[in-house]
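Pasting the structures here.
Both of the next two complexes hold chain A, though its partner changes from chain B to chain C.
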Partner chain A sequence: MATVLIENLTKVYPPTLNNPTQVQALGGLSMSITGNVFVAVVGPSGSGKTTLLNIVAGVERATAGSVRALQEGVPARVGYVFQEPRLLPWRTVVDNMLYVQDRKSDRSRREAEFYLQMVGLSDVADLYPSQLSGGMQQRVGIARAFLVNPDVLLLDEPFSHLDALTGRSLRDYMQRIWLQTRKTALFVTHDVTEAVELADRIVMLRPGGTAYDDIAVDLPRPRRHDDPAVRDMQDEVLRRFDAMGAAVRFGAHA
Partner chain B sequence: MSDMRAREDLAGLRSLGARSGPKAPPTMRGFLQRPWFIGLLALGLLLLVWQWISWVNLQVPGVGEIARFMFTEISGGSHGGALSGEFWAPLAVSLQRYAVGLAIGVPVGAVLGMVIGGVRWARGLFNDTVLVLLALPAVVWAFLASLWFGLSSWGPILAVVLTVVPFMAVNISAGVRNVDPGLAEMSRSFGVPFGRRLHHLLFGGSLPSAFTGLRLSFMTGWNSLLIVEWFGSTSGVGWRARFWYDALRYPGFVGWIFLFVILITLLDRLLLSPLERRAFQWNQRPTLAFAEEA
Partner chain C sequence: MSAAVPSAPEATSAHSVRELRRAVRRRWGFRLSVLLGWAAFVGVWYVVSLYLLTPQQLPQPHVVATEAGELLSQRDFGRNFQASILRVVAGFLLALLASVGLGLLIAYNRWWRRFLVNTLLFLVSVPTVSFAILSLLVLGVSPMGPILNAMIVTTPYITMNLAQGLTGVDRRLIVMSEAFGRTRAQMITGILVPASLLSVLGGTRLAFAVAWRVGLLTEVFASADGIGLQIRRSFESYDIRGMLAWALLFIVIMLLIENLVFRQLERLLSRWRSPDGGAAP
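Up next, the complex of A and B:
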């Protein structure tokens, strides 16, 4: 069972050439995730969501505080789905998969094909990313994250660059795969409706990178976007999101 | 067929020129725009202008005169007196020097470029050296090499190496530095081991600029070889061109210069271009899209 313990996490970016003041992306965020749950982190643009995932993935270092992602006491293996597909353009789809795979054997190609099939892409293994649509590339990114058999799955607005229809069908894929595998997932989005559709729990970040709210979503799965119960929950979370917006704006004036 | 294309489009599959349908029949305009046709046209124009200059200035040999001279030279016939044609021997010597020079210079330059591009402190250490090498004209190598090595083959070879190394290094280091940092981040988050990153990320990512470097290396390496042979050698094609120049036999001199150009062009077309096309499959664009819709 995987756990992610985030304690007092702070990230301050030093001043850069085009931004002479330092930027606080995260301001002492604490949360803990235990077990095979799907956690959505929502927040407005610039509230430190990507920064949070990068620190959990070990790509970036925290300024203060700590993040521990553990699987049975040892460092957890993470699978990361980025905001953009981030595929090597000069390698075929299947070679992109094998690139992150930690074994090289006959089995690994079959495994890669298995996960491609899971996202509905069994025919494109030998094509190059430029031959796929944006939605298909993003699906390859999802398959790649599952291929490494991660203990913790990190997802950074994986559907935000896609049109509404493609986004919806990918969310359905996502839900189906997650139900089959039940990985501990940390899913970042600024779209409250998609958070409700996918998550067991929604953590709301406010600008400056601190938690504003923590909402449990107790709805049966698989969820459908047109289910009235899902709709009601979405309205409820949106209300709280708007309340946070008002509070932030009010706070700024005060 | 069209049904299948429609389905591929629905699935979001972008068809490639190479994969899609039979070629449309060539039109007259398409024919006139073929690269080899334009190349021939340019060559014809060049010869025409040359011929015109030779009429105006009697010192300049005409096209026919050059062709006759080179025919004698290649077939080993007599140029009059004790002078007979010599072609294959100087060509073989030069090609050998060229090949050895490239075989040393290209890998050395490539590794240097990877290091300069990937390792920050190495950039400060080597960057200026490479720029100095890049700025020095080949004539300097000609004189230095003949000082160091006398008239042996090592002078011309060294000149090729020293010309090729900076061209490879500069281009490859730029390629490595331009690799999308997002892809590097992706690799790190998945814990991709160093060897695989080197191979697939850095090497794959710098391949386009490596080809640019290779092309420039092939051209400039050949040029330096000729210059060094001209000034400091008693064999090779550069020496042969100078031989006719010193003997005041300008058709021979000009004919050899033409041969240099033809050789390097052929090398580029027959060797580098096909390699480049193969290496860039992933970047193909559907070139026949318009023709197919009609």
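Up next, the complex of A and C:
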């Protein structure tokens, strides 16, 4: 069972030539995630969401505080879906998948093909990313993250660059795959409605990178976006999100 | 979501057939224009040698071609050609090696960047004939002259293109690589090398042509054999026909290398860029 323990996490970017003031991306964030849950982190642009995932993934260092992602006591293996597909343009789809695998064998190729099939892309395994639509590329990114058999799945607004219809169909893919695999997931988004559609729990970040609210989403799966219960929950969470916006605007701290 | 695969290999709609025809027509149009260009060149050559100069000053194309054909059949040609090309390739490989080190320094170290960029610009602006004469003074008549000069003159081109390729690498891909726990070696072979390969090839093409010219020029001054020396011998005996014949052979060799080696290499390496993945003819 995987756990992610985030304690007092702070990240301050030092001043740069372009931006002479330092930027506090995270300001003492604490939260803990245990087991096979899907946690959404919702916050406005610039509230440190990507920074949080990068620190969990180990590609960025915290200024203060700590993050531990563990699987049975040892460092967890991480799968990361980025805001944009981030495929190697000079490799075919299947070779992009193989890039993140340690062993290169017939078996690893079969695994890659299995996950491509899961996102409906078996036919394009030998094409280059430039030959795919944006939505198809993003699906490759999703398949790649699942391929490493991650203990913790990090998702950074994977649907935000897509048109509404493509986004919805990818959320359905995501929900289906997650139901089959039940990976511990940390899903970052600024879209409250997609958070409700996918998550068991929603953590709201406010600008400056601290937690504002922590909401349990107790709805049966698979969820449909037009289910009234889902709609009601979305309205409820949106109300709280707006309240946070108002609190931030008027300088009050809840 | 319907999978909109652009130009799948088995696509045979009327539309794609029309596209294919158009591509073929464009291709032949291009070949025809190249052919016309060469025909015009030869035509001008005839006019100049017949009406503006004497055949002693500028022999007619067919005379030069015949002479080149005769040279080709002699053992001299093979020996000199081999000497020249081995030197150019050796100098070129040395330049490639040096460029990897220098390119890395320029891409990743600010201090070295400033220093090296200026030095390389200086090297590029030195007239190549100075190198040729210098190597005669320093090395005397030796095969090392053409090799070293070919190396010195081509290194800036390859280095700058490599550095440019390396600094242009999308940093987000590196982050991806780290997030998935890839090693440094995997990152280099999987990202840095392929990302800079095309721009290095671009520099290499230009550099190879320059290496030939400098290598030959150095042979003119300071060599015991090679195409450069043959051109000089012809010059010394007022054998303009022989001189032009050697030059013609030289040009043909350059064109062959460009078309058979570099063009094919580029096609292979840039497959991923074309929207059809290089599948279409």
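Throughout what follows, the second predicted complex is superposed on the first by the 251 of 254 C-alpha atoms of A that agree within 3 Å, B and C clash if a C-alpha of one lies under 4 Å from a C-alpha of the other, contacts with A are read in each partner's own complex, and residues count from 1 in each chain.
By our rule, contacts are C-beta pairs under 8 Å (C-beta built on N, C-alpha and C of every residue); 3 or more make two chains touch, one makes a residue touch a chain.
What you see is a predicted model, and the numbers here were worked out from it, not measured in a lab.
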Combined model on chain A: chain C and chain B, fit or clash: clash
Touched partner set for A:Ser169, first chain B, second chain C, both or neither: second
Which of chain B and chain C A:Val148 touches, first, second, both or neither: both
Chain B versus chain C as contact partner of A:Gly58, first or second or both or neither: both
Chain B versus chain C as contact partner of A:Trp90, first or second or both or neither: both
Partner chain(s) touched by A:Met136 [first = chain B, second = chain C, both, neither]: both
Contacts on chain A seen with chain B and repeated with chain C across the two complexes: 54, 57-59, 77-80, 82, 84, 86, 88-91, 99-100, 124, 127-133, 135-136, 148, 154
Of all residues in chain B, those that touch chain A in their complex: 11-16, 180, 182-183, 185-192, 196, 200-201, 204-205, 207, 281-284
Of all residues in chain C, those that touch chain A in their complex: 1, 3-6, 172-173, 175-182, 186, 190-191, 194-195, 271-277
Residues of chain A touching chain B in the complex: 54, 57-59, 77-80, 82, 84, 86, 88-92, 95, 99-100, 102, 124, 127-136, 148, 154
Chain A to chain C touching residues, read off their complex: 54, 57-59, 77-80, 82, 84, 86, 88-91, 99-100, 120-121, 123-124, 127-133, 135-136, 144, 148, 154, 165-166, 169
